[in-house]
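Next come two complexes built around chain A: one with chain B, the other with chain C.
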Partner chain A sequence: MNNFEEKKNKALKVLSEHEDSKLLTHLNSCVHCGLCAESCMYYLTSNDERYIPAKKVDLVASIYQRYCTFTGKYFPFLGKARELDEAAAEEMTDLLYGACTLCGRCTKHCSIGVDIGFVIKKGRQMLTEMGYTPASLQSTVNAAINSGNNMSIPESELRDTLTWLEEDLRDEVNDPDASIPLNVPNADILYTLNPREPKFFPLSISAMAKIFYAAKESWSLSTQMYDVTNYAYFTSSKSEAVTIAERLYNETVNLNAKRCVLAECGHGSRAFRWEAPNYLQKQFPFETITSVELMAEYISKGRIKLDKSINKEVVTLHDPCNLVREGGVIEPQRYVLKNAASEFVEMTPHGIDNFCCGGGGGQLAMSEYNERRMKTAEIKAEQIRKTGAKVVVTPCHNCVDQLMQIDNKFKLGVQVKTLAEIVADAIILD
Partner chain B sequence: MEIDGKEFTVDGDGFLSDPTIWNEEVATLFAKYDGIQELTEKHWAIINIIRKNWEETGMAPMIRTICQTTGIRLKEIYQLFPLGPARGACRVAGLPKPDGCV
Partner chain C sequence: MALYRIVSLIAFLICFASLAYHFLRLIRFGVPKDYSVKKGNTAAAIAYSYTGGMNPLKKESAYLHYPTYTAGILYHTGTFVSLVLFFLFLLNTGFSSSVQWALVCVLAVSAASGLGIFIKRTALNKLRYLSNPDDYVSNLLVTLFQLFTLIVLIDGAFAPYYYISASVLFLYLPLGKLKHSIYFFAARYHLGFFYGWRGIWPAGNEERTR
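This part shows the complex of A and B:
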């Protein structure tokens, strides 16, 4: 058996070995009504028919037909059955990795409810089994698996950074006892970070530390496992996704925290809060929530006091797909913003119908498709421009980076902030 | 990628494919491409510490190291490199693109 045949067999197992009829249902239901086309920013910004979500589903469905149905096996010429050869694998890579942010907007618009994102993730899983994952994306997964965080930050560097930020916090709140607690057992909250925060963008760590201080919260960070991301979610590599999710699960259990609070990270929230109980096949003995909901809770319970007149500039909100459309965390960030900023304006559309920033689904990490990613960003740039806002807030570090690039490329002249940053700026300390 | 008539081999994100061919001219041209018309003393201080750290450890430095070594305040670094320390400063310093959400 040659090398490609071996890979192909692994990929086909993804299609033939499944626990229930979900895959079958979603592969066989598309009626080609075309509604999904207008919901996809790749199609909208290019008019290239290959990018229509239904066509991406067809790619996977045609291979399923060829190898997993009677007609396809014996009379492949009758239907739309397609061989899984190298050309098919390359086309799948280009379209399922290179032209989809897994934003789920097409799924929401589908007239009969095909879970298009689910099918695309199955296609990605086939490609991952075949070793076709784009190198730049796999590199981030490897960094997380090998070092414990997706930017390979050594523990000593993390500790030095947090000590440095702790000194800043003490100055900021004018209290020599203010702290960023590390590895404290039995805290009410184990907080997590996106590694890009300690590495390059620590203002959001300082902001959350100030919020925790103001709320008099019992919290801790872990130096062993703090990474909120799970890039194996993007590559659909189940074993790697399990490894990463299990580490955070174990650390929360080891430190005996009551709640695991996920930093502002769209896919990380989805991967740990909504997918991980399935990955690990168990119910979690602790509560998992996002910091977005936690901030809303602090405000509604009066645990932090804000003066929204401090944030004078007009603020708009970008909804991260995994948190909002997929996760259903829609209102808390709006409640927070209404309490933290003088003037808040919505983009059109927003909420569950919002457009992706263009950086989701692992796109930000995939250098291979950079040009296409920034082409899709035209939509977001226009949405932002129309609001007239000077500050764009988004509860996702990945979106923050993409929005910074959009600001630079389309010369929007806006500041991009996390929700914690805008809250921390408005805090009134007792 | 072509800047001012010079051709560079870069990855899809515009990071230099071979970091060893980096020199000050590369930095100046890459910065210009990002809209930074002139590299000031502060820009160079940041670029030099990034370059030094990369040559010594094979990694981009933590932002803490950049701030503490150069004495430049965090918020000013974001102003000096509007695309941030990774896509902004590290790219101008000729490093490969860092992993993660950057």
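This part shows the complex of A and C:
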């Protein structure tokens, strides 16, 4: 058996392994009505038929048909059932990795209800089995596996950053005892970070530390495992996703925290809250919530007090797909913003109908598709421009990065902030 | 019973058995087991998936494409009417002339919709690109079945052609995309389960966002 045949067999195994009826269902449901085209930013910004969501489903379904169905085996021309050869694998890589952010918008609007993102992820899994994962994305996964965080930040560097942030916090709240606790067992909360925070956006760590301080929270960070991201979710490598998820699970258990609070990261919160229990095949003995929900809880319970007049500029909100449409955190960020900003305007559309910023699905890590990514951003730029807002808040560090690039490219003149930053600015300390 | 009627009945039974196989396979593969902590109400969300979630105001596939959406609804209505009539014809059920002409009108509109969808598929680059032979064959067979139902309602002399068209449709149905008559319901179930588990559906969470 040649090398490609071996890879092909591994990929085809993905299509024959059924945990339940979901895969079978979604591989057999698309009717090629084409009505999902206008729900996808890739198609909308290019008019390129290859980017129609149904085409991406077809790339996987046609191979499934060819190898796993009666019609596909004996009458392949009927449904254009397709051999899995190198050309097919390359086309799949280009479209399933390079032209989809797994935003799930097409699924919500599909006339049938095909879970298009789910099928595309299965396609990515096949490609990963064959070794076709884009090298840039795989290197992010490798960094997380090898170093414990996706930016390979050494522990000493993290500790240095947190030390000066702690000093800043003390100055800001005028309390020499204010702290950023590290590796404290039995705290109520183990808080996580997106490695972009210590690396590029440390102020969002300060912001959250200030919120915890104001709420008099019992919390801790871990220097061993703090990375909320799981890029293996994007490559659909089950074994790597398990490794990464297991580390955060183990750290939460080891430190005996009551709650694991997920930092502002769309895919990270999805990967740990909704996918990790299934990766690890167990229910977690601690509660997992997002910092967005925690901030809303603090406000509603009166644990923190805000003066929204401090944030005077018009604020709009970008909904991260994995947190909102795919993660069910829809209202808390709105509740927080209504309490933290003088004027909050919604984008159109928003909530579970929101458009992806273009940076999801691992796109920000895959530099080979940068041009396409920034082309899709036209939609988000226009959405932002129409709100007239001066500040765009988004509870996701990936989205922050993409929105800053959008601001730069489309000259929007907006500031991009996390939710914690805007809340921290509005906090009134006792 | 005439031979063509017997043939169509056998074709229907083959079709039914084949769809039953698909349905039973779905049941055998089972429903998702999710280890994460459920946030919403899956039963309510699944119910919503078949009802409010299908509301044309909630789906871009409907509200951005009202002519196609309307044609699709009419076309499917005509298919259901034709299927019911197939059994009524087998039972030699007669109709009053007003009912007969009402049915003819419904089928004329639905078959025209089917034809419209076919023309759209052939005419638009986007749809031609997505389509495979099965899409055209399925569309044509269903439209022809509706047309022959209409014709036979007017003139019983066309019964042999009607039963032949029905037989071909029934034999073809399990081979291609017409299987969505089963998988559509499974897809809505899974969508409802997914959104329900995570507390995204049912409505209430889903405000009108345009």
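Convention: the second predicted complex is superposed on the first by the 424 of 430 C-alpha atoms of A that agree within 3 Å, B and C clash if a C-alpha of one lies under 4 Å from a C-alpha of the other, contacts with A are read in each partner's own complex, and residues count from 1 in each chain.
FYI, contacts are C-beta pairs under 8 Å (C-beta built on N, C-alpha and C of every residue); 3 or more make two chains touch, one makes a residue touch a chain.
This is a predicted model, so every value here is computed, not measured.
S.K.: Touch check for A:T71: first (chain B), second (chain C), both, or neither?
M.R.: second
S.K.: Which one hits more chain A residues, chain B or chain C?
M.R.: With both complexes superposed on chain A, more residues of chain A are touched by C.
S.K.: Which of the two partners, first being chain B and second being chain C, lies in contact with A:E313: first, second, both, or neither?
M.R.: So A:E313 meets neither chain B nor chain C here.
S.K.: Just checking: does A:A54 make contact with chain B only, chain C only, both, or neither of them? Give me first, second, both or neither.
M.R.: Touch status of A:A54: second partner only.
S.K.: Classify the contacts of A:E38 with the two partner chains as first (chain B alone), second (chain C alone), both, or neither.
M.R.: So A:E38 only meets chain C here.
S.K.: Touch test for A:H26: chain B only (first), chain C only (second), both, or neither?
M.R.: Touch partner of A:H26: chain C, not chain B.
S.K.: Name the contact category of A:E86: first (chain B only), second (chain C only), both, or neither.
M.R.: A:E86 contacts neither chain B nor chain C.
S.K.: Answer with first, second, both or neither: which of chain B and chain C does A:E326 touch in the superposed model?
M.R.: second
S.K.: Just checking: does A:V114 make contact with chain B only, chain C only, both, or neither of them? Give me first, second, both or neither.
M.R.: second
S.K.: Is A:R196 touching anything from chain B or chain C once the two structures are fitted on A? First, second, both or neither.
M.R.: Only chain B is touched by A:R196; chain C is not.
S.K.: Looking at the complex, which residues from chain C come into contact with chain A?
M.R.: Residues 22, 25-27, 29-37, 39-40, 49, 53, 59-62, 64-65, 68-69, 72, 124-127, 129-135, 137, 175-177, 179-180, 183-184, 186-191, 194, 198-200, 205-207, 209-210 of chain C touch chain A in their complex.
S.K.: Mind listing the chain B positions that touch chain A in their complex?
M.R.: Those in contact with chain A are residues 11-15, 34-35, 59-60, 62-64, 67-68, 74-75, 82-87, 97-102.
S.K.: Please output the residues of chain A touching chain B within their complex, sorted ascending.
M.R.: Touching chain B from chain A are residues 136, 139-140, 143, 150-153, 157, 160-161, 164, 194-196, 198-203, 229, 265, 364-371, 397-398, 401, 404-405, 407-408.
S.K.: What residues of chain A sit close enough to touch chain C in their complex?
M.R.: 18-22, 24-26, 28-39, 49, 52, 54-55, 58, 70-71, 75, 77-80, 107-115, 273-278, 280-284, 287-288, 325-328, 330-331, 348-354
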